[in-house]
Structure formats: structure tokens, C-alpha cells
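The same chain A turns up in both complexes below, where it pairs with chain B and then with chain C.
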Partner chain A sequence: MGLVEFAAAKTLASSAVFLFITVLLMAAAKRTSTCIMLFGVQCAVITAQILAAAFVYHSREAYVVAAMVFVVKVLAIPYALLGIRKRLNVPGGVSASTTPAQSVYIAAGLILLAFLVVQPYVRALALDGEMLAAATAVLLTGAFLMVSRKKALMQVIGLLVLENGIFLAALTTTFGMPLVIEMGIFFDLLICVLLLGVFVFRIRDTFEHVDVSKLRRLRG
Partner chain B sequence: MTLWLPLLLPLFGALVMLAFKNPRTAVRVALGIGVTEAALLGNCVVKLRAAGVLQEGRYLRGDGLTSFFLINLTLVFALVLAYSVGYLRHVPKGRFSSPRWFYALVFLFLFTMLAVYLSANLGMMWIAIEATTLASALLVGFYNTQGAVEAGWKYLIVCTVGIAFALFGTIALYLAAVRGGVPAEMALDWAVLMDAAPQMSAARELLKLAFVFVAVGYGTKIGFVPMHSWLPDAHAEAPSPISALLSAALLNCALYALLRVEAITSRAIGHGFSHTLLLAFGGLSVLTAAFLMIVQRDLKRLLAYSSIEHMGIVALGVGLGGTLGLYGALLHAFNHSLAKTLLFFTTGNIREAFGTLRMDRIRGMARALPYTSAVLVAGGLAVAGMPPFGLFVSEFIILTSAFTQARYLVATLILAAISIAFGARLYHCQRMLSGEAKQLSARPKAPISEIAAMCVCGACLLVLGLCIPAAFTAVLRNAMAVLQ
Partner chain C sequence: MTFAIDFLQVLILVGTAPLLRGLVGRIKARIQNRRGASVWRPYADLRKLFSKEDLISATASPLFRLSPMILFAATVAAAAFVPTLHGFALLGTAGDFIVLVYLLALARFFLILGAMDGGSSFGGMGASREALVSTLAEAPLLLALVAVSIVAHSTSVAGIVRWSSGQPFFHLSPVHALAFVAFTLVAIAETGRVPIDNPITHLELTMIHEAMVLEYSGPSLALIEWANAIKLNLMLSLLVAVFMPWGIAPATSLHGLAIALAAYALKMVLLAVLLAVLESSVAKLRMYLVPDFLGVACALSILAVVFTALKR
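The block that comes next holds the complex of A and B.
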């Protein structure tokens, strides 16, 4: 067995574990910038996984998707988010409503939950159980980050992590959607992050803070 | 070119608009593009009616259902464009709040909604729906006040998360289709899926999962309770023409996407599951919205909750199913969009006269603004489902369908909700209309374009209430034939 084949097989076998690690670290992170970096790392793991799959299944489309993930999610989005964070010029904490220890326990619980909920589908459809569980765990953690972090920027990161989970689910169940659709989704995601960035600045300028839990004027 | 041209013109228009810095020229150019676009869309509808189905390339397709919703969108868009000409005088000067930005964003919004209706592919449709959120978020936050920024942020976050669930559902549907033997590159085309639906029946659980996620996802955009939290904020904080577009065009756009997926799932695994889910969402929306209407303070929020209520009634109609239920639901969606357009148009005048839309601060409107008040009352009666307006007919059809199927719970729910909502609207209206107005911040002179737009709305509602034209019934029949 050649070295590349070996590496590809190892990557495919172990990427779920790496995804679990990024999820747990994100829950523990105290600073927004750490979270942004971790998001980049998570996307790098996904890139590696797609590359490995592309190599194993000889799929040219998958190479294109891997390149897009790398450019958009590993480079462009984290770079833009770090830039926004710097220009916002506000304290760097994530303003969590749970302590880091509690967050890690919750994230671990979500991983267990993910394993439980995917079981029936894994059996019925003969899918890779670990990867599907990882996708679900990433999705759930994204949602958890969104509800428990008060900084506007953290909500954006939560949203991106949630989207990563859905992307992973598509990857493991159907080996990705048709290329045109994937490109459209990436385009939407990029525009969405840009717009959210615009709104983060507008929140800061009109409210003089970026704590979304204090946006409570409109209710009922 | 019948489908490509009307789709691409608004995109082109959005880019062109940015070049016109002079407000007057910008408005004129926008009107020119709008008229051309309406003509192109009209041509598209006529061709669709003659041909039944049109396919252009791999990604554009239209059929009876498309044609019905295209008529709706064209009408609402034309009215909003006519109304906006006069309305822009309300908009304060700011960096991005000039007419050219307004119209550029409106055309972009129109482009994304047309893309939803014309795409042949469920993946493309998802992309377009997400794009509608992106295009309209800046319009919701157009005034750049605290409220507008908060509403825009909430709209963007809530809808993006909701729509992400719909993507998950779409993927599950794709998986079911691929496992059912549909070639992977065609497994997202709705026409192919409709034909192949019986082959997919083996993956029963997967299809159920797909439909739940799609219903939650697109339901967020339709405004089903409990995913509705963005809707009142966005409707209340956006400029009035945009509120009308959101309520009358955008909600129907998401409804269209949901109907497509619903038709496929129903054909594959029977309609029991999807209809039950729609009934649940519809019932919850109708009841919650009716009660929340009582406690509202802002006029536009009241109207927004009324939108939730009516989309709930539409969901109940689709959930009841059968020829009658579906007919009522589609007709109701159409009627609702006209009535809501009319009502949101009146709010612009009221805000100008009283400087606020807080209903407890508005007094003596009947004397101060007699014509606006008359339109508000007429529109209020129309959305309450009173004859002789169109909503009476469609609500009556849905109720008839509920009674003939012996679904007395659903019928009671609709009747209760309509009565509560009517009471709430009456209570708020009489408080605003009666009494003596303290002082008006301005005495608005509605330009002829606004009056004309409102008259067209009212006339359409009356026509649909008194005698539905045969041509329109044919369009409805074609739309229903696609879904059944």
C-alpha cells in the first residue's frame, strides 16, 4: 500500500475524532478569536476528509469542493471574522451564559445524543455511523453556541458551525450534492457572513455594544 | 428566453440602478424597468398557459403552479412599485437610504423571488430562498434606527438557521431519491422527483424526516408558530412598501417551496403524514396569532400577526387537502396578499400624519384622515373575512372543506381564531378612529400613484369576492393539477 493511500485511509478513519475534539474545544473557548481559529481548524479537518474521499473514490468534483472549502471556509471567512473582531474594538471574551466546564459537559452530552439519534438511520441505510454522528454533533454544538453566547460575532460562528454540520451530513450520506448546488450554497454562505458583518457594525454603532442578549426592544 | 429574460432583467436592473445618483431620474428608471419586467412576466404567464409546461435549459422550469404564483408576484410587485414612488418622500436622507439603493435592493429582492419560482431544481430553489433573506435583510434595516437594526439582525439569524434546516431536509430527500434509483444529477429536479415518487416509497422514514425538516425550515420563512419570531419585527420595522412585499410576496414564495416538497412526499408515502404536520403548524399559528393580536401596541405588528394567522389558515387548507381544501388555500394565499398590500399601504399615510404607529397614541383618525380611515376599515373588514371581499370566499371554502370531511376540530379552530382576530382588530380600530385628534405632525396629501395602487387592490379584492373570473379559475385549476 502506497503512502498516499495509507494517509487517505487514516484521514477518513480518524476525521470524526478530530471533529469531536474541535467541537469540545469550541465549547471550552473563552475568547472569540480562539473560536474563530477553531472554526478554521474544523474546516481544515473537513477539507482533509474531502481530499481523502476524492482520492479514494477518484472523484474530480470532490477536489473542486475541497478547494472551495479551503479557500472560503479555512481562509476567507476566518480572515474576515478576525478582521471584523479587530475593527470592532470591543473586549474579546465570548460572554457565555455557562462556564467553560459546563459547556464542555454539555457538548459531550450533545455528542452522546448525536450517536443515539443517528442509530436507526445508520442501520436502515447502511451509512458510516461515526461520521454521521460527528455531523450531527457539530450541528447541535453550533446551535448550542448560538443560544449560549451573547456576543453578536459568536452567533455568527455558531451559525457557521451549524452549517458545517449540515454540510458534513450531506457529505457522509450522499457524498455531497451536485457541484453547481454546492457552489451556490458556498456563495450564499459567503454573502451571509458579509451581511452579518455589516449588521454587527450597525449594532455597535446604534447601540454602542455588541451584546445581542440586550437587543430586547422588539418583543411580543 | 421566455423564462430567462424576466429572471435576469431585475438583476441587471439592480446593477443599473446604482448608476443613477439623482433621485428623480432613479425613480423614473426604476419605473421603466418595472413596467418592462411586468410585461415580460405577463408574457411568461400567457406562454405558460398555452404550453402547460416550459423548460429552459437544465435549471429553469415553469408549470401551472409557477404561473399562479407568478401572477401573484407580478401584481404585488407592480402595486408596490407604483406606491413606492410617492412613499420615498418619507425616507430620511442617509448614506444608503437614497432611492437608487432602495430600488437596487428591491430589484435584487425581486430577482431572488423569481429565481425561487422559476428554478427547476430543489437545490437551486433552496439557494434562491436563502438569497431572498439576504436581499431583503438590508431593506428591513433600511431606516438604520435601533429597532430596524435589531429587526434586521434577528431576521437574518432566525431565517438563516431555519433555512439551514430546510437544506438538511432537501439533502435527505435527495438521498431518498438516489436510493430509489433516480440518477444523482437529476435527483433534485422537482419534475423528475414527482414522476419518480412511487419508487421512493421504500425509504419511508427518510422521507418523513426530510419533510419535517423542510416544513420547519420553509415554515420559518412562512411564519409558522413557533418559528415566527422574526416576522412581526421585520414587518414592523421595514419601510411600508417593503412590509407589503414581505407579507404579500415573500411568505407566498416560501409557501410555494413547501408545496413542491409536500406534493413529492405525498405522492411517495401518502398524504397522511405531511397533512397532519401542516394541520398542526396551521392550528398552532392561527390560534397563537389571534390571541397575540389582542395585546399588540403597534399597528404594523398587528398586521404582521394577522399575516401569521392567515398563513396558518392557508396551511390548514393545504392540510385538509382534497380539491376543495387546496383550492381554498391557494385562493386564500392570493387574497391575503392583496388585502395585506392594501393595509400596509395605509400605514404609510398614518405614520406621516401622526408621526407614530403606536395605536395608543393615535386618536381621532376618522376625522383627521377620513379617506385613509375608510381604506383601513375596508381592508380590516377584508382581512377579517367579511363579505363582499375575496377572503370571505376563500375562508368559506376552507371551512366547507373542513365540515365535509367531518373535521370539526379544525373548523372550530378556524372559526374561533377568525372571531378572536376580528374582535382584536375591531377593538384597536375603534380606539384609533374615535375621539379628537390632538395635533397632526403633517397633513399628508397622498399622491395619485398611492391612491391608484390602493384602488387596484380594493377592486381586485371585490372582484374575487363577488365573482371569480373564469380565466383565474382556470389558472387555479392548472395549479392544483400540478399538486394532486
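The block that comes next holds the complex of A and C.
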């Protein structure tokens, strides 16, 4: 039993580091498939963190949330996104407007910014500063991925990463939302991915590419 | 006793270097569904090369003969800074990690000089590429080690290793995680492994290291190949020593030493397997993308240094 407690404590202490690394690697990734995998890894880290929190704080609801995160975000969404990517049949690059190195510098800057902006809240609410900073950094990087990547599929991934950040922030500040709302959010997310997938297909069928920077004219 | 172990560490680093190379080659062959050469093959290669005649091009100066020796000597000297079995190294007190990094740079400098001295156009091409890669790799390598040394409050490699072996298992700080990723990327670039340079290629357009040693033969080539193998062994051992030194002998007892040796061998084999899998699954980068690859490493290592100020 001691080993499980030890593992839980270590997971809680080090998950922020893994989140930082996934965020930086996502900024460096050059292919949409790598980004989707990294999203899955990021969600796996979050799952581990929720499991550890559930164990430490003896919360039965958190186990259910962890199971849902695992099924929806680690398995279903990456699987669906990979399927969409395969059927879209467009080149696999993310067509970023910054080079990978620049993106990593920007993501690193966003992490530092996250550390700076959460300081007042950490002091006022006595929270885990690193975790809240990680949540904010994930949120900011998701937004950055959305604005700097031209592939329509990357906008979806950026939105999902952004949602991960909000979810983590909620988790660190309030121990998560009530279970019913949590379930609603997961359902929303799944529908959102399906709808956005359909939308990406429509973009491709109408314009014969998925580059959002070229969507300037209306077409019937 | 301590001195003997220090000496043994250098012998292991220098002596097992060809074995590591053979091991990586063997695992790669297995992944590609070939049987592959024996893991002892690099030793046979070295013996063959040492017994051959040294052919020198008519345009070459004495520098051409001298460079492989300086390369080998500098690499072995750098190997004497890396602790593998216990928290001390043969030259542990003689210099810090900056000396280690610049001994490797010295070795590389003479390799580049020798390549250009050979008079073939390939040598010059490989030399200029090597110079580009090493210029870009130097900053992230130094910064990653600086970040770790700030946390460990010691600039000597042995001191860093003693500090991190005293830390509890899996005690991850953002600094170490970031420096680890940056160091791994740099180690791949420094040792000329796949995304940057393909060690088995002989295609003119892509080769870096192979282009530089094209003019060398006999004992000179043997020294260069051996030094290159030592460098791979050294970088991986440094990775093990700085970021995962657990199992290293705390005191000089025969029992602890045996455990340390077993742990070290296990970690190196694990890294060899990882390296082989990585090399079989990743395509070589275009030369123009190498700055991006190392730019990522640089960003990570700068972030690691910045994090040392944020934490503690």
C-alpha cells in the first residue's frame, strides 16, 4: 500500500513538469499526427493526475472523472482525429507560420508568462502554484496553436488543448466541478470534435484544401 | 582503491565504446529483420585498420597525421571527467563541465582541420557541415549542463552526479526534465546519429562525419572511428550519470561496485535499444532543418536555466 501512496504523491508532484514538456513538444511538432499523439499523452498525464488526486483525497467521483477522461480524451478523441486526418487525405504537415524553434521559444515565453500571472492567485488562495501555472500554460499554448497553425485540423487540436487547460485550472482551483456538469462537458467535447470534423471535411470539399489562412472569399 | 576505480571507469568508457556501437548496429539490424553483424565486429574492424598501411594524400601537411591523434587524446581526456561507477572521476578535480565540453570541441576542431587538410572536396563539405552543427549544438549543451549545475550547486561533473545520486528516486524538477530533453537532442546531434547524420550512409549529399573521414585510412582511420565511438559512449554515460545516476556506488565497497557496474550496464543497454528504435523509426532531417532541431534544444535549455531562478 505504501508504494501506491508514494506513486500518487510523486504523480501529483511531477505531473506539471510532464505537462510543460508535452506543451513544448506540441509547439515543436511538425506533423498533425504527432500533435494528436501528444494530445493523447497530455490527456494521459491529466488522467494520472486525477487518479492520484482521487487516491490522496479519497474522492469516489474523481475516479469516475478519471475514467471518463481516459475513455474520451485518451482513446476516443485521438482515435477520431487520426481517422479524420487519414480520410482528409491532405499533406501531413501543420503548415505553421513560425518555425519549430520559434514556436518553442514562444511556448517557453508563454510558460513563463503563466508563472508570472498566477502568482497573485497562488498567494491569495494558497494553491499549488506549479499546477495552476501548468494549467494556464496549457491554455495559452492551445490558443497559440490555434492562431499560428494554418491547417483546419490544428484549430481543432488547439481548441482541445485550450479546453484541457481550462479543465486543469478548474481541477486545481476547485477540485473539479460537480460530476453531472463534468459529464456534460465531456459529452459536449465529443460532439464538438465530431462537428468540427464534419466542418473540416466541408472546408476541404468546397475549397479543395484545409488552409484556413486562404479562407477569404465566400463560396456557395 | 579510489584511484583504481577512477582508472577503471576510463578504461570502461574507452574499452566498451566499440561494443556499444556494435550493439546498436545489431539491434538496428534485428529491427530491420536482418541478422546483422556480431556485436564484436567493431573490435575486429579496429584491429584490421590498425594493421593496415596509412595512406596519405600528396597535398596533405603533417597536420593530417597529427589530427587523429589529438582527436583521440582529447576524447579520452574528456572521458576521464565522466563518473560511471562511483561519484568521482579520474580528472574530477582537474576541471569542471566547461572543460569537458571544450575538450570535445577541441577534438572536433582538429577533426575538421584534418578533413580540410586532406584536399578532397568532400572533406571540406563535411567539415563545413560539422562546423555548422557543432556551433549550433554548443550553446544548448552548455546551457543544459549549466542549469543542472546551478541546481546541484557544483560545476564539476562528479559533484553534479554526487548531488543527483543523493536525491530521492523520481524527484523530478522542471529544470531536470527540460535539461534532460535538451541534452538528449544535443547528444544525438553531437554524436552524429540519425535525425542529424546517418552513421552508415555513404551518399554524398547527406553525409557529415563520413565525408570528413573519407581521406583517412589505416591506423588514422582506426583512431578516428574509435574516438567517435568513445564520444557516443561518453555522451550516453554523461546522460546516465547526470540525469539517472541511481545505483551508483556510494562508498568504495566491492559489493556496491558490482551493483553499480550492473546498473550502469543495464542503463547503457536500455539507451542502446532506445537509440536503435529511434534511428529505425525517424527519417534523417534535411540539412536546412538541422538549425530548427537544435533551436528547439536551445529553447528548452534556456527555459531550464530560467526555471532555476523560478524554483528554490
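One rule holds for everything that comes next: the second predicted complex is superposed on the first by the 216 of 220 C-alpha atoms of A that agree within 3 Å, B and C clash if a C-alpha of one lies under 4 Å from a C-alpha of the other, contacts with A are read in each partner's own complex, and residues count from 1 in each chain.
Convention: a contact is a pair of C-beta atoms (placed from the backbone, for glycine too) under 8 Å apart; a residue touches a chain by one contact, two chains touch by 3 or more.
Keep in mind it's a predicted model, so treat the numbers as computed, not measured.
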Fit or clash between chain C and chain B when superposed on chain A: fit
Chain B versus chain C as contact partner of A:121, first or second or both or neither: first
Chain B versus chain C as contact partner of A:10, first or second or both or neither: second
Which superposed partner A:99 touches (first chain B, second chain C, both, neither): second
Touched partner set for A:181, first chain B, second chain C, both or neither: first
Of chain C and chain B, partner touching more chain A residues: B
Touched partner set for A:63, first chain B, second chain C, both or neither: neither
Closest Cα approach, chain C to chain B, once both complexes are overlaid on chain A (Å): 24
Footprint overlap on chain A, where chain B in one structure and chain C in the other make contact: none
Interface residues, chain A side, partner chain C - complex: 10, 13-14, 16-18, 20-21, 24, 28, 99-102, 104-105, 108, 111-112, 115, 130
Touching residues (chain side chain C, partner chain A) in the complex: 170, 172-174, 177-178, 181, 291-296, 298-300, 302-303, 306, 310
In the complex, chain A residues that touch chain B: 120-121, 124-125, 139, 143, 146, 152, 155, 159, 162-163, 166, 169-170, 173-174, 177-178, 180-181, 184-185, 187-188, 191-192, 195-196, 198-199, 202-203, 206-207, 212, 215, 217-218, 220
For the chain B and chain A complex, residues of the former touching the latter: 59, 121, 123-124, 126-127, 130-131, 134, 137-138, 141, 144-147, 149-154, 156-157, 160-161, 164, 167-168, 171-172, 174-175, 178-179, 184-185, 188, 203, 205-206, 209, 232-233, 236-237, 292, 295-296
